[in-house]
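The structure appears right after this line, and notes come after that.
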Amino acid sequence: MAEQVLMLALSPTMEVGTIVKWHKKEGDTVAQSDVICEVETDKATMEYESVNEGTLLKILVPEGGQAKIGDPIAVVGESGEDISSLVEAAEQKVESAAAAAGAKPPATEPPADVKPSMAEPAKAAEREEKPAVTGAKPPAAPQPADGIPALAGGLKASPLARKMAGEQGINLRTLRGSGPGGRIVKRDIEKALRQVASYGAAAAVGVTGPAIAGTPAVAGPTASGRDEQIPVSGKRKIIAQRLSESMYSAPHYYLRIDVDAGPMMTARSRLNARLPREAGGKVSPNAFLIKFVAESLKNYPSVNASWQGDTILQFGKIDVALAVAQEDGLITPVVRDCGSKGIVQIDRELKILIDKALTNKLAPEEYSGATFTVSSLGPSGILEFTAIINPPGSAILAVGRIHKVPVVEDDGSIGVRSQMMLTLSCDHRVIDGAVGAAFLSDLKAMIEYPIDHLY
Amino acid sequence: MGKGKTSSSAGASAKKAASKTPAASEKSFRIELLRQMLLIRRVEEKSAQMYGLRKIGGFCHLYIGQEAVAVGAVAALDLKQDYVLTAYRDHGHALTCGMDPNALMAELYGKATGCSRGKGGSMHLFDVEKHMLGGNGIVGAHIPIATGVALKIKYKKENGVVLCFFGDGAIHQGSFHESLNLAKIWNLPIVYICENNHYGMGTDFRRVSSVTDFSKMGISYDIPGSQMDGMDVLKVYEAVKEAVERVRKEHHPRFIEAVTYRYKGHSMSDPATYRTKEELKEYKNQDPILILKTKLIDSKQISNEEFDKIDAECKQISNDAAQFAEDSPQPAVETLYEDVVV
Amino acid sequence: MPVIAFRQALKDAMDEEMARDENVILIGEEVAQYNGAYKVSQGLLDKYGPERVIDTPITEEGFTGVGIGAALVGLRPIVEWMTLNFSAQAFDQVLNNAAKMQHMSGGQLRVPVVFRGPNGPAEFLSSQHSQSFQAFYSHIPGIKVVAPSTPYDAKGMLKSAIRDDNPVVFLESELMYAWKGEVPEEEYLVPLGKAEIRRAGEEVTLISFSKPMQMVLEAAQALEKEGYSAEVIDLRSLRPLDEQAVYESVRKSNRCVVIDNDWPVAGFASYLGWLISRNCFDSLDAPVELVTMEDVPTPYNHAMELAMQPSVEKVMNAAKRVMYVTQ
């Protein structure tokens, strides 16, 4: 039976071969392993040894012609056999191959400025927890759950600490890590959780007193030593009524935190040194604190809200009041929309308001409707205190005095810090302990590393 | 003796059941030997062609020219109790032990229907049922293995013999020397057969052998050695038959050098420029198939027509095997994990 | 319960298995007339005769291959390497034959052979005789690799290994042969592939296998004295590895130290360390620490030899590092 002689791969990498020379002509006998032609491959010119036996009936690819691996180059069979069908089939194949080759433009060198494409790196097979040992198809690896928001600023934390912080709602930026290089580790999270719990507990039994700012007017003992009934002014009546109402309707709890005020005071000094003399005086620490509070409230909007009975009113803007002591009482002038204002602007507005407060010129809309209140007794020398929430807000921040304290550094040496105690009173109907704690922690971080919040 | 699946040769199996091993002069036996060699030859040529068409990849070491050694030697065995091990030039040994050519070709193609389910390829053919234990890709590494098989025979007080084939390239491996020593001290029933086809890959054996008469290689171990003409299947048969009978009786290892020649390069990627055309031509005149055919024709035990008929059958079997391999499925990817520690 | 030495436990295992199955044979240098280079095979020649307890010449590649060949056709050989160091000469047989015969034959062949011998440094033997081979063998698919550390496990696991139809590399240690431990008289098997918690603890997981186990337990005790609770896992089996036992412990303690008496580069500990890091990532409070040999050949000088291996101090320091205890 006649058979086609096919172009074989004479080098491991050749794709096509060119017939250089036929060693047999049509009609010659061909035996197994006879060299019937020479083929030029991509590597060298090789001898083609016949795999067929018989008579070379037809040469399909002449000298100089090309054939791809598997293409017919000749027909071998018995003398006189009809091989027309084989030849036709071969010619068709060759024609279509040539047509395809002709249609394509010859391969050209890529333009010099195009980088050669790199082979796609083989994707490592996704592995499950262990390499599959049974006959199962290797399944896609389960993606580890990552509820922890991506941390910014090169913060180091162990995977476990991150997980715990995420679960407990602790902002890692508020913590200092005790691990190597400041890594936050499990015990730091545990410590933070204990602190929140203990401050909450401590505050619950803490002494509460009326929030008084500035230097209170103290009535001294009467000269005669007899009791005296002092008539209550309208203002005093209102203060009494409102603070009582607040105290007895809002379940108060108290969170205290120490803050390193050093950075803030340094920034304030620099700022005040820069400001032109006539611009309005030195910027007060209160303005810084109010701004920091506003920024932290942006992160914890649920602290900027009010209990309405059936609903909680989430305030749209951050209006921060400062408790100001007056001769006969206290008042809370409000700086509106602190979220949109810078420290200097807040300070300037505050100064105007305080001026009015001390001269009894504040209009109602200037001292009511604060969404959050700051009260400071630092100038009076008070270390820390708890304040009563000023409605309609749900929280008030009591600021103690800034004083120097010794601290133990990471490497065991003793350093000095300017410490300021903050005590946050929260309305538990609106703000849960963890949220209040997280807000206060955030505020601490805000005061200590304000630039972190710009990332 | 084994045979291809599609052609029937009732004579051979009857022969096996009847006597131990037939006489070399028996006509049907000789024809069977011829058929075996032709089958190997045609299958190997087919493999070469399919390799050229990239159906078979990697290494492919052809047995063309050496057929007389495997066929003659295995004809002297009783594969119910004897064993055969060889190295990577194993297609011939596999076929003559009785491996189904379909399973062989499918293995070369890497298909699921291959004798090793596509896991082994050309160098790792196994047919355990026929006592053909491979097929090994590391030069000389199977020689200790074969020796271990002989240990089992001795330990179990069985009657079998192991034929361990390897090439002139393996004879200087430490594994060869260690094995011969062990076989001797433990009196193991094994015949080591070195198929000296003159070239260890591209190296003429004379360049790298301190002793070029390999029949002496057993002397260091007090193992009797002999040399035989590996191109004449009847001579191979006689020599191995005698050795096997003695080993079976005496339980001492023996060594035989089979002087043979391969017509193709070491493997498919070897253009074999290390030998001259003249040398090749000369050896082709000693084609084992030609030698036996001539003997049969001269003694009127076969006619040219009968020869052609057998040859055509063998070609058909080879073609069918290639087709079978082509049509067979690829193994499922999951079988990657099978046949590894269970 | 009887208390016997590790070497006796091994011998008893081989004895029981040889009595149970006539296909089990022992082959190696000095195993018969010498009664074993380390006396592990004491008495077996007298009991089973020279056909079953076979002395070999010094020819590791040869007799390792013979063991594999015999296993292919129905025997269950135990091949003893006088030390694992010498197995390097037989490595090709294990790598290319034992580990691959089943695979290359498409499942037609099984290789029920056990390769056993002392692994790792002993004392005063210098570099060529002091190497650990767990990394080299654990790397190979197609074999099992185990390393018991108590007489109880030695016996139970060697019996399991002999009955296993897969090739098993069974790692012992010269300095363990004299260790004593309770071993029941009744027959029992210890499955391959299971780790064992040697000591329960909460704060840190210490993982090891083979000879370092005693030292690691000492370290755990010392840590306890200082107030730290360490859990100690004995892997017992490297291939297959009991990953789940490891992960359960690390997820509980959140910290982990792996101790491996082998060189550090691409060692078994590094693979285990990666597995733990990858699969216990969210539970880890600290990176996984590895305590290994120093990356040097073992010297002859004894103090240096000890200095380059894991020690109680090194393990404790590593444990404290992962617990963030400043020292």
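Going in written order, the chains are labelled A, B and C, and every chain counts its residues from 1.
Criterion: a contact is a pair of C-beta atoms (placed from the backbone, for glycine too) under 8 Å apart; a residue touches a chain by one contact, two chains touch by 3 or more.
These figures come from a predicted structure and were not determined experimentally.
**Student:** Indicate, using Cα centroids, the chain positioned nearest the centre of all protein chains shown.
**Tutor:** Measuring from the global C-alpha mean, the nearest chain centre belongs to C.
**Student:** Return the chain pair with more inter-chain C-beta contacts, choosing between A-B and B-C.
**Tutor:** B-C
**Student:** Look at all chain centres (mean of CA atoms) and spot the one farthest from the centre of subunit C.
**Tutor:** A
**Student:** List the centre-to-centre spacing of subunit A and subunit C in whole Å, with centres computed as mean CA coordinates.
**Tutor:** 46
**Student:** Round to the nearest whole Å and give the separation of the Cα centres of subunit A and subunit B.
**Tutor:** For subunit A versus subunit B, the centre distance works out to 69 Å.
**Student:** Hey, how far is the Cα centre of subunit B from the one of subunit C, in Å?
**Tutor:** 41
**Student:** Listing for subunit C: what residues touch at least two other chains?
**Tutor:** Each of 240 in subunit C touches at least two other chains.
**Student:** Note the residues in subunit B that touch 2 or more other chains, in rising order.
**Tutor:** Those would be 338.
**Student:** Specify, in ascending order, the residues of subunit A that touch 2 or more different other chains.
**Tutor:** Counting only residues that touch two or more other chains, subunit A contributes 133.
**Student:** Where on subunit B does subunit C make contact in their complex?
**Tutor:** Going by the criterion above, the answer is residues 83, 114-120, 124, 126-129, 133-138, 141-152, 155-156, 174-175, 178-179, 181-182, 185-186, 338-342.
**Student:** Once bound in the complex, which stretches of subunit C touch subunit A?
**Tutor:** 240, 243, 247, 254, 275, 279, 281-286, 324
**Student:** Per the contact definition, I'd like the list of subunit C residues that touch subunit B in the complex.
**Tutor:** Those residues of subunit C that touch subunit B are 25, 51-52, 54, 56-57, 59, 61-75, 77, 92-93, 96-97, 101-109, 141-144, 165-166, 239-240.
**Student:** For the complex, give me every residue of subunit A touching subunit C.
**Tutor:** Within the complex, subunit A contacts subunit C at residues 129-130, 133, 144, 158-163, 178-180, 185-187.
**Student:** Under the touch definition given earlier, write down the residues of subunit A that touch subunit B in their complex.
**Tutor:** Interface residues on subunit A, with respect to subunit B: 6, 8-10, 12, 32-33, 46, 51, 69-70, 132-137.
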